[in-house]
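The chains carry the letters A, B, C, D, E and F, assigned in the order they are written, with residues numbered from 1 in each.
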Amino acid sequence: MSSFGVRETEKPAVASVAPSSEFEGGARQPPRDAPFYLRSGNEAEIFEQCHKRNLAVALKGPTGCGKTRFVEHMAWHLGRPLITVSCHDDLSATDLLGRYLIRGNETVWQDGPLARAVRMGAICYLDEVMEARQDTIVVIHSLTDHRRILPIDKTGELVPAAPGFQLVISFNPGYQHAFKDLKPSTRQRFVALDFSFPPPEQEAEIVMHESGVDRATGMDLVNLGSRMRDLTDQGLAEVPSTRLLVATGRLIQGGIAPRQACYVGLISPLTDDPAIAAAMRDLVNVVLVD
Amino acid sequence: MSSFGVRETEKPAVASVAPSSEFEGGARQPPRDAPFYLRSGNEAEIFEQCHKRNLAVALKGPTGCGKTRFVEHMAWHLGRPLITVSCHDDLSATDLLGRYLIRGNETVWQDGPLARAVRMGAICYLDEVMEARQDTIVVIHSLTDHRRILPIDKTGELVPAAPGFQLVISFNPGYQHAFKDLKPSTRQRFVALDFSFPPPEQEAEIVMHESGVDRATGMDLVNLGSRMRDLTDQGLAEVPSTRLLVATGRLIQGGIAPRQACYVGLISPLTDDPAIAAAMRDLVNVVLVD
Amino acid sequence: MSSFGVRETEKPAVASVAPSSEFEGGARQPPRDAPFYLRSGNEAEIFEQCHKRNLAVALKGPTGCGKTRFVEHMAWHLGRPLITVSCHDDLSATDLLGRYLIRGNETVWQDGPLARAVRMGAICYLDEVMEARQDTIVVIHSLTDHRRILPIDKTGELVPAAPGFQLVISFNPGYQHAFKDLKPSTRQRFVALDFSFPPPEQEAEIVMHESGVDRATGMDLVNLGSRMRDLTDQGLAEVPSTRLLVATGRLIQGGIAPRQACYVGLISPLTDDPAIAAAMRDLVNVVLVD
Amino acid sequence: MSSFGVRETEKPAVASVAPSSEFEGGARQPPRDAPFYLRSGNEAEIFEQCHKRNLAVALKGPTGCGKTRFVEHMAWHLGRPLITVSCHDDLSATDLLGRYLIRGNETVWQDGPLARAVRMGAICYLDEVMEARQDTIVVIHSLTDHRRILPIDKTGELVPAAPGFQLVISFNPGYQHAFKDLKPSTRQRFVALDFSFPPPEQEAEIVMHESGVDRATGMDLVNLGSRMRDLTDQGLAEVPSTRLLVATGRLIQGGIAPRQACYVGLISPLTDDPAIAAAMRDLVNVVLVD
Amino acid sequence: MSSFGVRETEKPAVASVAPSSEFEGGARQPPRDAPFYLRSGNEAEIFEQCHKRNLAVALKGPTGCGKTRFVEHMAWHLGRPLITVSCHDDLSATDLLGRYLIRGNETVWQDGPLARAVRMGAICYLDEVMEARQDTIVVIHSLTDHRRILPIDKTGELVPAAPGFQLVISFNPGYQHAFKDLKPSTRQRFVALDFSFPPPEQEAEIVMHESGVDRATGMDLVNLGSRMRDLTDQGLAEVPSTRLLVATGRLIQGGIAPRQACYVGLISPLTDDPAIAAAMRDLVNVVLVD
Amino acid sequence: MSSFGVRETEKPAVASVAPSSEFEGGARQPPRDAPFYLRSGNEAEIFEQCHKRNLAVALKGPTGCGKTRFVEHMAWHLGRPLITVSCHDDLSATDLLGRYLIRGNETVWQDGPLARAVRMGAICYLDEVMEARQDTIVVIHSLTDHRRILPIDKTGELVPAAPGFQLVISFNPGYQHAFKDLKPSTRQRFVALDFSFPPPEQEAEIVMHESGVDRATGMDLVNLGSRMRDLTDQGLAEVPSTRLLVATGRLIQGGIAPRQACYVGLISPLTDDPAIAAAMRDLVNVVLVD
């Protein structure tokens, strides 16, 4: 089973799209039904071994290819709560750890999402971690080596990670971040799983399942998406995700003419450049011949 | 109906100008009368399908072409409250989500406009979203995929979007933002509608309706605006909007001489450059021959 | 009267200098006597039409040419209170809108100057608006289109502009702002009036009236100012304003020798460059032959 | 008396050095004895006229040439309190205007130095005003034209300047400020007095008076200082001030060998560059031949 | 034993990997059992002498080579508590020294980790000190010379270091920090110990001990790691640490196929570059021949 | 004694190393025993004259050459308390002047170190003053001219300097500060004393005294240090200080082999560059022939 884990030559892990799971962010218990996820390799087995052996995991891959779904699926599978944090430029260590709040005459401590996850043994998922500031990222260092401990300076606490706690991060290696990157000393703290778009048939199945279109339309959309993904050489900043194909399918299912659905659901979201838009419309006209 | 949605070749959506609607910003109910809006394509149908199928919408187009009016029209049409946020450089996630305020001896939480919209199922319109900081934009991620949930870290809440909630953003793709752009991973979360100025006859109708001038003057102003829109090659930063034509019409209707109304209502607002101003005055003298 | 409104070819509006008016900044009522202002074109008529028809106004022109006086004059004429805000780099939206203050055990809201103006239907004058930050400027957007409403996020209010409210801004188009400029989407929200220095006779009259010098001295000073205004090609950053001519006149009236009064009142304030200062002194020696 | 006010050709104003005056910063009354100041031109007459006629004054000149002494002298002469503010990068408008402080359960307003000066009719001296941020400088605009009013947004007050209030600023036009400069619209609000070092005999008198050295040593030091002032072409960032000559004289008076006193009192303070220091020592050896 | 201390020619110190020690961050007492650490030179003797003679110590070396383990080992050996601080961009002096907190109606001082360490005579370990801001680093100056004192401005205290206090810092000299570096005046305050990866046999022993793999697999992994460490010339930002080899061994021990374990445990964490990844996979295929 | 004060040609002042003095930072009284300091020129006489005649002093010189010891010595000699402030990037004027603290229901003012020194007539030593922000440095202006007064805006106080107060600053003129430098107008407020390393015999005496090594070892270390100080042309950022020689001597005295002591005590602290480290080890091998 050597095909998994290197993006450009093997079949990548696939995060299929499931009925909306309410499984995220707070200390919620797993939902009754598993989030729909089609495993494509042994990414789940590796994740499970990492969880069992206290190894943190990094999910690498493009926008909208299913990383979030995968971690929801695994949290359900492992029976652990999932706490998700969307990272951004202004996310500080305080946001993760917690802060003192004044309530009436008292100052009360309120755990941040990372501290909550550490105490309850949840899976903590830092989505798009490259966007966060360095202090956010350094905070996780002592949680991702043999120490498994979260120091909270403001309370003077050293919180040991409860059994079952696991740190998961995601990032898109295709982005150009002039001034941002994960430091090597951070990267070495994670086992890394590569994600990519699913193979055509599987992607068509997802589009059909999520949007309700028939197989012919689903295949057309996947075919179109696949050809648009070759346009990056012509200046397309990011290729269309499975999520965009689903959105376009929903518009078609709602009665919007297929070509126009592609214009507003696939082309306009991806580019403001007239030349690229024209090339994409040509593709639409070629693929959607009806 | 394939003409809609690609800006440079088809007839664009038109946001006509309606009697001032007080329909915005708080949790107000829709007004009794619909905001005046002339549909030019099936932009309303697409918007409606997006609203029904939980798809977020991006409105792309130049200043003053009617994007705000369109969203007011659709909110009225769909019977949803509309909450508008004008984005800017200093708009933080806190401004959108809410904050704790000290009132006497108590700390009370006050929802920001996005949190209010999520709880009440309103349409939340982020106007000129490119101006906002990254943390503002990342906050909307979990609202624009299958999760439809707003995490508020400071209260520890996970607010599910009430039925009817929809996120709408607008931006002007013509601006040059050296350091600002929507990340591809954000853009892929929206169906995008392209807006442009209305065709001449329709624009003249709007100018007449809004300013009270007669048809000849309305056509003159539209004719003038249309010729000025060709001056971008000569250094005009932005072309005159329908809004400027209306303002000029109002001055004429108020007794100001037409040429002078054009000077102060069309030329001086658009440029400080003497050469461009001279070219624009020549146009005024040519078009307004009386 | 087509001569008004385009700066380089017609007679510009003139803000004459009046006895010190205490008409500004708070919610004061208009003074008993009109601020002294000599109208030079129909700038007042245009302003009045804008006020009547809910159009915001931008005053464009060099330092000290009378923009502030003009708006004081118009506020008196229209019988509206005038609230002035001097814009600068650190002026935030909060400064304009208001803030919560802690008073004893209570938190009370205090309107900022813009909110006060909106509630009372005052004329709100943002002086040198280009200096302000973007968030200040975006705040005014919903006040300058059909909505005429001020959203105050911190209180959750949507304040409709009281009748009589009008927004007026001023800026000096001659400045070079490497990183600052009004966005086109902001400029298109204003009717723009161009101001320049008054014609010689009128300027001499102002200098005499304000400083008490006789006609010969007044004409000499205006003559001198006018010749200095031709020195911009030689590196003078800004030409002498009417205000500087008045200050120099006052020194002469106070017994300071005319040439020295020109040195300290006209030359040294305008330049630190020895070569430009020498050229300016030559002008003084030529014009003040006595 | 046309010689005053243009720096490079006439005799400049001289700020002589007086016995330490405790006349500054708070609302103190003038001292019994006048600060020692030798007038060199009619700078005092001009200042007095400006004070009488509500004109603000700018003092231009190099470090340590007596600008501060001059304003102390004039405040004493005019019988007005003097409030001095040393400007710097972080000086904000709040620092000048005042702030709310929490005292026990109450919030009390505390005037800043500018507000105090405005209320009491003091002379407010902003030393090295170019160092301040733009918002500091804009705050003074309404105090330096016909309005003579200080708006304090935080209290909602419009404080009229009490009779006798005068704004005085100082700056050194020789500095290179890549990103800082007074805006022309600010400069035009001041009558400007040029200061320079006193002529040799007068400077020697000051050095003798302030340090206690005899006339020969005083003349030697002034001679030395004067020759060092020619070294700017060789890279000396700033020439020695009268203040440095006085300090060196005091060391000599305290028994330090003259040459060494010059090394530590004149050379080492001015440069870290070995070549310039060597050139300066050569000058010392030439001038101090004993 | 002259071989220690210069990285490129002698045998470096080795921080072996021990059973997880809970010995860090707060004022905890040393654990009963010594953290497992195999000494490779006399780094422990030097550290002990430094501790005895009040000399601060800097640990230099790549990520994951055992610096943290070494300081844990020495703290245990010397019987001192260990307080660790992970440094980052936003770590301020306040974070180290402490802050006032409001608790009900009282303001209480809370020592930061450095102040705690100084008072109790602990070893304070600033991990990755180069990441911290200058003010953090300057704070330690008076603790690292003859003064051994920590001034806390906010409380007005001068805290003398308790006997046994020692400051230890670590950094990775291989990083390129365009704008960050320790100032020479800071570096001169430390005795510096160079760390590197252990020799192959010792590293294999560590991998076996920590992951449970057999000797053949351990040797394979070390062999692989060693060959990957030669790839830095081809653009690998950082070489694989002993920690990564252990993580990979754990995956293999958990039943993941060895090659795939290497893909996700060694290659994907280290690079996003397809060419480098391919070169690394070739190495895997060569070394893991089974 | 004309040899003092110019760094490159005369014997510099020497700050010898004394038994640890606890004489710093708060309002402590001088210790019973004088800090050990060997005067090398008449730097003490000059300092004393400056103290007597209200002249501020700047100490210029490289890291670890004894500037701090000198000021401790002089404070003891003059019988004044010494308050030291280590300057850094984030040191604000507030840190020097003081701040309001909330204690229970009251707001109390707490003097900063500079205010304390001014009130009690202490010597205030701003170490590495170039690191501080401009607002810190401007705060000292009124203390370093004839005014000798500290304005504290926040309390509205004008604190006159108590007799005995003296301001002393230090900086290392060898550093390259791209964006930082003392302004000339600040430099001119100080008499400046140049410091350098002591002559060999004196330095050896210090090393012996401080580390306990015998004369031969002391001479070897000084010889080594002196030769390393010639390596700056080869890229050494800063030469070894006397402090480093003492640290190395202590390691040798603790039984560490001399060469290894030099590796960890002299070479590794100074450079991460393999080539420079190799050159330094060659020097060690040459000088330490045993």
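By our rule, contacts are C-beta pairs under 8 Å (C-beta built on N, C-alpha and C of every residue); 3 or more make two chains touch, one makes a residue touch a chain.
This one's a predicted model, so the numbers in the text were calculated from it and none came from an experiment.
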Just how many steps, at minimum, does a route from subunit C to subunit E need if it may pass only between touching chains? 3
From the centre of subunit B, which other chain's Cα mean sits the farthest off? F
Residue numbers at the subunit A-subunit E interface: does the shared fraction exceed half, giving same, or fall under half, giving different? different
Please identify the chain with the largest separation between its CA centroid and the CA centroid of subunit C. E
Subunit A to subunit F: how many Å between their CA centres? 54
Among all residues of subunit A, which ones touch two or more of the remaining chains? 102, 105
Starting from subunit D, with subunit F taken as the next chain, the full ring order: D, F, E, A, B, C
Mind pulling up the subunit F residues that touch subunit D in the complex? 1-2, 4-8, 42, 45-46, 49-50, 52-53, 55, 58, 60, 92-93, 100, 102, 105-107, 133-135, 137-139, 141-142, 145-149, 151, 153-154, 156-158, 160, 173, 183-185, 187-194
In their complex, what parts of subunit B are in touch with subunit C? 17-18, 20-22, 24-26, 28, 63-64, 68, 84, 86-91, 95, 101-105, 110, 112-113, 116, 127-128, 131, 172, 175, 237-238, 240-241, 243-244, 247, 250-251, 253-257, 259-260, 263-265, 267-270, 272, 274, 277-278, 281
